[in-house]
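Since the structure comes first, as structure tokens, the remarks are kept for the end.
Residue numbering begins at 1 within each chain, and the chains themselves are lettered A, B and C in the order written.
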Amino acid sequence: MDYQEVEGAREYVARLENGRDWRGQIEDFAEEEGIDAAFFFGLGAVTDAELLFYDQDVQEYNTIEFDEPFEMTPAVGNISWLYDERFAHTHAVLSREDGSTVAGHLDKATTFAGELYIREFDTTLEREHDEVTDLDLWPL
Amino acid sequence: MDYQEVEGAREYVARLENGRDWRGQIEDFAEEEGIDAAFFFGLGAVTDAELLFYDQDVQEYNTIEFDEPFEMTPAVGNISWLYDERFAHTHAVLSREDGSTVAGHLDKATTFAGELYIREFDTTLEREHDEVTDLDLWPL
Amino acid sequence: MDYQEVEGAREYVARLENGRDWRGQIEDFAEEEGIDAAFFFGLGAVTDAELLFYDQDVQEYNTIEFDEPFEMTPAVGNISWLYDERFAHTHAVLSREDGSTVAGHLDKATTFAGELYIREFDTTLEREHDEVTDLDLWPL
């Protein structure tokens, strides 16, 4: 396992905005505050969601779309550079009125409400193409 | 997205007590220690659970009751003031013997065992009624 | 609820290694760095997984095996001493191509890719046998 000791830097609590994309507004926040490395933790509710599943054999993402309201229980992710943009890598578990769940890599979801804790680290994390997985990963 | 930079304050690890309500004992702890703003992360096992699902159209919570044992995998939540009480807003994913899951906003669950990390912030978070969602949210 | 105030110590971001066991490489890392108490948060993808479910009546773990690829969405756990070894108590939610999920106490899973935030505490957490649950818990 490759790892890097990091120093904790700024910390934030946030309220996500109703009607805007969950991931997009985290990325806009990262841009505004100049965050180059962070982890975040969130809970809330969304409506509609596009989840990605990475096909490990074919090495491509498949998209799954859901047009319904969900609780977000929870979202865990991180902020780092992906080529020339700050990217919020976000995994989420979503639940329905009967408690049933779907989960995956969250591409898009319209926020109904959301609360976030963001912990910045005093470093820059930058993704690079990884040959083995064909994903963009951190060379730590 | 509305956000507030916060300073990290006290941190705790905790062992939840067998037989007591999961959320209730986090709120009692917050009261005992005088915690006005925190996020927490937990894992463990519970028996019975009441999950809430917020109907985004009707803007009311529906309750779903489950009378069975579950692994808690995981719980993520925060502590802040809701009117005159400290409230532990808790989302949880619960799993069964066959691995199947339910998830949602956790109202109640009887703790079998539980382990928690709590990170306090040096501020006071207080919920206020939000017109758009009819929820009590932080005015950050 | 029993709890202990802890001081935050070292923090790490990590990239889990393709092809190695998810939990095993976290334990090897803990051993290498001499970590005696920590919580960690992760996301990624695995293939194959053994989940444990604790039967609260019989007080024994049952194993469930899954031979398929999953997104890890997310993993939450902690590092502490279990008798003479560092143990990474890990709960995980796993999702499939159609978004469906399984979850539980993660015993093993072959890492495809994984990203971790680890927060160490300046204390030693050591599990001891608990009479009530027949689990190994922290005497805080």
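What we mean here is this: a residue touches a chain if its C-beta (ideal position, glycine included) is under 8 Å from a C-beta of that chain, and two chains touch if they have at least 3 such contacts.
Predicted model, so just to flag it, every value in this text is computed and none were measured.
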Category of the chain touch graph - line, ring, star, complete, other: complete
Copies chain A and chain B touch via same or different residues, half shared test: different
Chain A-chain B separation of Cα centroids, rounded to whole Å: 21
Multi-partner residues of chain A (at least 2 other chains): 8, 41, 74, 76, 93, 101
Interface residues, chain B side, partner chain C - complex: 8, 10-18, 20, 25-26, 28-29, 41-43, 45, 47, 69, 71-74, 76, 93-101, 112-113, 115-118
Chain A-facing residues of chain B, complex: 1-8, 37, 39, 41, 51, 53-57, 62, 64, 66, 74, 76-78, 89, 91-93, 101-105, 119, 121, 123, 125, 130, 132-133, 135, 137-138, 140
